[in-house]
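To keep things simple, chains are lettered A, B, C, D, E and F as they appear, and every chain counts its residues starting from 1.
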Amino acid sequence: MRRGLYIGRFQPYHLGHEAVLQKIADEVDEIVVGLGSAQASHTLENPFTAGERISMIWPSLRGLDVTCYVIPLWDIARNAVWVSHVRAMTPNFEVVYSNNPLVVQLFAEAGVEVMRPPLYRREVYSGTAIRRMILSGDEAWMRLVPFSVLSVIEEIGGIERLKNVSRSDDS
Amino acid sequence: MRRGLYIGRFQPYHLGHEAVLQKIADEVDEIVVGLGSAQASHTLENPFTAGERISMIWPSLRGLDVTCYVIPLWDIARNAVWVSHVRAMTPNFEVVYSNNPLVVQLFAEAGVEVMRPPLYRREVYSGTAIRRMILSGDEAWMRLVPFSVLSVIEEIGGIERLKNVSRSDDS
Amino acid sequence: MRRGLYIGRFQPYHLGHEAVLQKIADEVDEIVVGLGSAQASHTLENPFTAGERISMIWPSLRGLDVTCYVIPLWDIARNAVWVSHVRAMTPNFEVVYSNNPLVVQLFAEAGVEVMRPPLYRREVYSGTAIRRMILSGDEAWMRLVPFSVLSVIEEIGGIERLKNVSRSDDS
Amino acid sequence: MRRGLYIGRFQPYHLGHEAVLQKIADEVDEIVVGLGSAQASHTLENPFTAGERISMIWPSLRGLDVTCYVIPLWDIARNAVWVSHVRAMTPNFEVVYSNNPLVVQLFAEAGVEVMRPPLYRREVYSGTAIRRMILSGDEAWMRLVPFSVLSVIEEIGGIERLKNVSRSDDS
Amino acid sequence: MRRGLYIGRFQPYHLGHEAVLQKIADEVDEIVVGLGSAQASHTLENPFTAGERISMIWPSLRGLDVTCYVIPLWDIARNAVWVSHVRAMTPNFEVVYSNNPLVVQLFAEAGVEVMRPPLYRREVYSGTAIRRMILSGDEAWMRLVPFSVLSVIEEIGGIERLKNVSRSDDS
Amino acid sequence: MRRGLYIGRFQPYHLGHEAVLQKIADEVDEIVVGLGSAQASHTLENPFTAGERISMIWPSLRGLDVTCYVIPLWDIARNAVWVSHVRAMTPNFEVVYSNNPLVVQLFAEAGVEVMRPPLYRREVYSGTAIRRMILSGDEAWMRLVPFSVLSVIEEIGGIERLKNVSRSDDS
């Protein structure tokens, strides 16, 4: 039984994530999806709560024929203990899938096998790009995410939320 | 679609929890299992990590014919914001199942429907009782938990861990 | 202009506190009332939120003919920096009024003048005693607090809250 | 009895804040002044401690003929629980006055009535603008704040403090 | 080059600690002395600050002919990441010397070699016992600690501090 | 006996630090070296752990003929209590040596004597400059640090670490 860890912030979850998960599903028996910055929400970088992101991801995981765990991981301001933190919150895993240089570095220093999944059309499928499109009113982002994400964002008024939190203030 | 939240520390998960989940499964379409004190481990009250507890619970959830989410909830030392904390970490739920007086009080003050699931032979099926049996060497505890719990505890050397962390020290 | 600091948790505020404040009002021009453990609520030791405690205290301060500031002070788990913490949250004060040995010790080490206000019938007027009376159903506690406290506790269902949070649980 | 919440960082308190408070005083019976980022001080964005800011604000509140509470609110890095945090620290309020988009969004999601007070000559009466003027040596800022602010800033050596904390360093 | 880690709270440092360090000095080239609960002070269990404890320990380390590092370690409420925390704060070590069951368990789970130093007359040389003697006025404790500890405790008024913080209070 | 405090982040320790310490050694009997941002590592600003930095600094301190303490200081997000934090973690000191404007301001407000050590060829001997050289592949940095720093950085693969953590990511 081989288990893989895949970490992302999923702000929001998009078809690029889905494509990577499908590739990982060919290589392992179970996938632990680590939801990074779980404590964050209502910011430009992290507009959605962990619960909202779980609701976005879950339906798409049903499409995979491997068992998937979705585990919120809150940030700790200590890179040196972060790997232990992740391990304590997750079932054992043998391999980590990530393209985040810091994540790769920290697991590599801890002696954990790390694989870099091929990025699926990164220039298009990126959370940053999608948030920018939402802010600029470019509705093309709707074709970059699965339906579950559209319905969650509509249900919570996510577009208006993102626009509001993107405006700063000082009085 | 009706979703219920069931919160426990599951130190360890036992057949009493399983019986309650089966009853809840008759009343809702999806169950969110909140794993309390997720940050805690290696103590007398909380010997097992969140990841270990997830590995204990997961196989038993497969037996239920409703969708189950297992979500680690770390403690925050602020009862007044605890309900918001739980809501931010979980998919929306309509009802909370709990017999913990504090949990019941906090959700009731927040206007959330709370139901008290019938406890299944509480005097026997209790985490505290099981930890005491493990410490005293009474192997009867092994009949109070599902097989997945036995195998996790054996794999991690959980019995020795519990005995070690139960002994305090001052030098 | 002489300003005094008086610190308490006020769980709940009672006539003993009021008597002490009246004595302090004779000695200083302004009183800073520090509300200790401001972050705590819904526990046996600290059943009421900081906001609820402010609503309990405020009307009784109106009776004093000195200016009073009520300032919530959240706990920091560092006794060695606690005095700096209190000073940063409050207008300057020249003298501290307290009978709490730790508070007295910390301010004394910091070179701040500390006075011990005479306790007003301590055996009766004590937060611990009042919480015990509430839990035991002894309504005599109602004569130990000003009316504002009664109305806040009734409005929030404080008696039931205290009884619920006083019962612990392990499943 | 209608109570309103007005939140600001007041770095420093200025005549624009005072004008807004006077307008709010016409609409409510009591005002809760929430002092944001109470834990912060000695930074470019937040040069003054909560206690110093209270000393700046208090005299100007005496001019209003409504009861005013001044309550330090420390930041919590969890937007999703921030509204509960504020509610736990303050007496009950029916309406929030704010022009901060994040504050408006968070209270709106919580179902709290939010009103946007008309900003009083925002281009001039802004904490950021005043801090810039202080740093650049433009004494015109002194006409933008009440006298109490001038005296506090002089007493604490606030101008030199702001200049020092604005210079960063790496050795 | 072989380096050993020795962890204690040293509340206060006593001749039992000194005897253990002398034994360890025979087995390794360098000793890292980890000062546990470094953030704690002014409590019954932890009366002395980290700085005060360093001043107690330092002179006695000069007597050893191996290099000693004294490193304050603040507590983190996460046993599962504690070993990583200690490693990040200290020079590399090959072996841990401890009789604390939790410390032994955590390092053992992390695959670090742990040795149990022989305790030197434990019933007498114990921080708890010494603090009790100080509280009860039994001056025999003065013969259980090196002179540097006596002078630090006298300089800071440590006896009075311990007595004051040992008395609790509720008003 | 006069003791001086010298604070730095030492990311990495370099010959400029060494030159300053040698000057300080002429003026005091003992030096407390405060290792700032001790909790930080694996970032562009703070690539090295506290333990790694201690291993970098220690050999160079042996060259000084005064006693040196090296004490990790973790950041607290409260400038107003920072001086108390430092004092609680260190042996008493009479004078602080620093060119950091915030450090100077905070100790000055606390009434502690502060001296500004002459910077040794600041444009060259700067942690920021050295990290930039490492990132750009300019090996001239190797002549700006003592040998102990070179060997630690090589042993831990510090160059690759710094390059990896300097690349950000969003998926």
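Note that a contact is a pair of C-beta atoms (placed from the backbone, for glycine too) under 8 Å apart; a residue touches a chain by one contact, two chains touch by 3 or more.
Bear in mind the structure is a predicted one, so any value in this text is a computation, not a measurement.
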### Task
Could you tell me which chains make contact with subunit A and subunit C both?
B, D, E, F
### Task
Could you tell me which chains are in contact with subunit A and with subunit F alike?
D, E
### Query
So which pair out of A-B, A-F or A-D basically repeats C-D, with more than half the contacts the same?
A-B
### Message
What's the rotation angle, in degrees and to the nearest 5, for a C-alpha fit of subunit D onto subunit E?
### Response
180
### Query
subunit A-subunit D contact: same residues or different, taking over half shared as same?
different
### Query
When the centre of a chain is set as the mean of its C-alpha atoms, what distance in Å lies between subunit E and subunit F?
26
### Query
Hey, how far is the Cα centre of subunit B from the one of subunit E, in Å?
36
### Query
So what's the Cα centroid distance for subunit C and subunit F, whole Å?
43
### Task
Could you check subunit A for residues that touch two or more other chains and list them?
41, 49, 78, 80, 87-88
### Query
Between which chains does touch occur?
A-B, A-D, A-E, A-F, B-C, B-D, B-E, C-D, C-E, C-F, D-F, E-F
### Summary
In the complex, the residues of subunit E that touch subunit C are 39-43, 49, 157, 160-161, 164-165, 167-171
### Query
Which residues of subunit E touch subunit B in the complex?
8-9, 16-17, 77-80, 99-102, 104-106, 109, 119, 122, 126-128
### Message
Taking the touch rule as given, give the residues of subunit B at its contact with subunit D in the complex, in rising order.
### Response
76, 78, 80-81, 83-85, 87-88
### Message
Under the stated contact criterion, what part of subunit C meets subunit D in this complex?
### Response
38, 41, 49-51, 54-55, 58, 67, 69-72, 74, 87-92
